[in-house]
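Shown next, in structure tokens, is the structure this report addresses.
Think of it as A, B, C, D, E and F in the order they're written, each chain with its own count starting at 1.
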């Protein structure tokens, strides 16, 4: 059987403990996981692309089966270009579910050979989102329990 | 019994196969359906009002019981001005439902003589939204299965 | 245009103020509404079929466009037999929505010519269900604000 | 037992009948309620901070156990500074619930000694939000049934 | 201000870590909490009333402000009889929310002087329900992490 | 990397087109899928265990990587016994999601080495459940579009 490659797409503004949980738990399923950091000229980010990529690279520097890349355009086109048959996504709550369902069904409409695989975010991290991390950080709160260990947003 | 007139309000930025499905299936219920395209100075659209109106007119050019108009202001005021007793809305998922419930209850508070009637978007179109069409179009994807046949966003 | 006939199916064990609200507000949409009281040998009811029918007949005795009938079997078959093109249903909350969506899509699969039309239960009655009425009644509570005026469950 | 102080945080742009309902019904639970009006340089409001504070002060001018203050920064830090052990929040619908759950769990992570207490918005006000009030007001609709009596948005 | 008494009603078949979490965290809000164990002749339980009461009494034996009683009939009637102005409930997820909302609105309809107060179950216990504990116990699984420490279902 | 084995547990009373869709689409992810048909003395089924197993075996007779077995007891214990590291589940709607989340988190509590992997049921089958198939079958409706081709419930 050929290699199972999954793309984990997102903004990662910044990476959270929830993202880390999903990626770590997906490693036994796939042979390779490409973390795909979207950059979209029309969106504004708190952390620029280089910072978002660097934080993720730092977190997974010891894991050779995980790579980090930036992309723009349709996620399914990026998957095709990388030879990935799978998109990996985490589900935290029913609102996530509705949103992810629409995206996954659009992706399948655009490219029927790519399947979206979902894992559940662990209960103790399910409240964490990048937007909550940004909010705590902006107000000077202690964000360290919300991000993977070693992540320093000020550096 | 007097004529049953329904208003189907929205931004239609642009019209989708989901909108088309709801309007087509509502024809047996009402004598006349007015597609009411909102224009709101405070919002920004991908397609301008003329384009949004023209796409809808093209799609329903053969159906004399459907008309297309632009409006601004409260939807219930537009209904009253047009002699419409009904607002028609489609429901795709629970998130839609919560949003539509608040709008419908506000409308009833403002004008108790106007009733909102809901149809379910067909399962195979329920993931489609104008925002998803815009996203696919912006990235150069093939949007034709997401809009009514004959809709050309580039023209 | 031919007559618009709707079937409003349910157990009505017993009829509630929520049912009454939906039926009353649907009268301007349809020419005739048939309240279809299901009887299912496999289910157990608090009120027997005769009582459930009698309560509804009493409530709508002044409205010639509403009739009450019992049925068993598939709802779409009952609609066909009665010449009804529409099924009327009320929506109270997102849980209702999911349940009703599955039923409506099954009915469309079984008979594509029958459309399900939804109205929103008024906010002040949306918490009421037959099961809540039965629970209050069983414990000797005052159920009168939960059912249409004139309904006497003890008679 | 020491005094039970609750903070009720929000934008209040403007205060609605839903806010009023929650605060009034929370009075028997707490000894003191501080309505905390957030001001965030990054957000744009329809009504400025002074107007938002003045409307609330006017509404609760007769209730000595309720005070109104503005704040910025983390809500848990404001609570600590005020000696409040409780955050009060209203729940209207399942979408509210998901959102509030994430906020409450973040707050507990940041400060485990502060508890969030929820009340349900009364059914007849549950569709009201500040955003709906702004929308009706912007289009010249009659907003008076959506806000506490005596609130004049034009003054 | 008079004493704040809350009733925490349920089947407790058996008590879970989720129940324990809600009750413990509610202690700073109320002066007294009465855990009210329902017994309903029409329902079947895995653990009989005596066992369900004994498990709870054991768990809270050191807390003089918590008492345990059985009841039947309407919860609001039991509250009135005990002089309790509050019903305490935990919320775990959106499905809980819809269910609890209907119950709370019925209770308010039956007795407007009794308020339902909600706390959020801690994220790490939110998946636990009595039904899941029974399922694990029935199949011989290790249920000890799902119930308060010291609870022995076999005794 | 060792073989990836997934267990797909359920009652399959009977197997539906929704089950078939999930299993077919999961084949590229796993090396082997074991369809695990639960039998529980406390539950009543429309189709007996032999019939439920036979229908599934018939549907997948050409696929050597899929096997069918019955089991009772905890699903995680069955997985361990079979050397499966994964549980496969389909998600149709938000209500499914909440239910599946509680089960998955309980399973992780019981055995942290087993991961639950979710796929989304295709939109056009998402309304189908075994309970809807049983309902249509019981009333003599045409169930063939609801089950995999070749499934004959009368044989």
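The working rule: contacts are C-beta pairs under 8 Å (C-beta built on N, C-alpha and C of every residue); 3 or more make two chains touch, one makes a residue touch a chain.
Small disclaimer: the values here were computed from a predicted structure and weren't measured.
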item	value
Chains touching both subunit D and subunit E, listed by label	A, C
Between the pairs A-F and C-D, the one where more C-beta pairs touch	A-F
Same vs different contact residues, subunit C with subunit E, by half of numbers used	different
Centre-to-centre distance between subunit B and subunit A (centres being mean Cα positions), rounded to whole Å	34
Interchain centroid distance [CA atoms averaged], subunit A/subunit E, Å	39
Euclidean distance of C-alpha centroids - subunit A vs subunit D, Å	34
For subunit C, residues that touch 2 or more chains besides their own	93-95, 98, 101, 105, 123, 127
In contact (per the touch rule at the top): chain pairs	A-B, A-D, A-E, A-F, B-C, B-D, B-F, C-D, C-E, C-F, D-E, E-F
Residues of subunit F that touch subunit E when the two form their complex	72-74, 77, 94-95, 98, 101-103, 105-106, 109-110
Subunit F residues touching subunit C - in the complex, by the definition given at the top	93-95, 127-129, 132, 136, 139-142, 145-146
Residues of subunit D that touch subunit C when the two form their complex	93-94, 123-124, 126-127
Subunit C partner contacts - residues on subunit B that touch it in the complex	1, 4, 25, 28-29, 31, 85-86, 91, 94, 97-98, 101, 104-105, 108, 115-120, 122-123
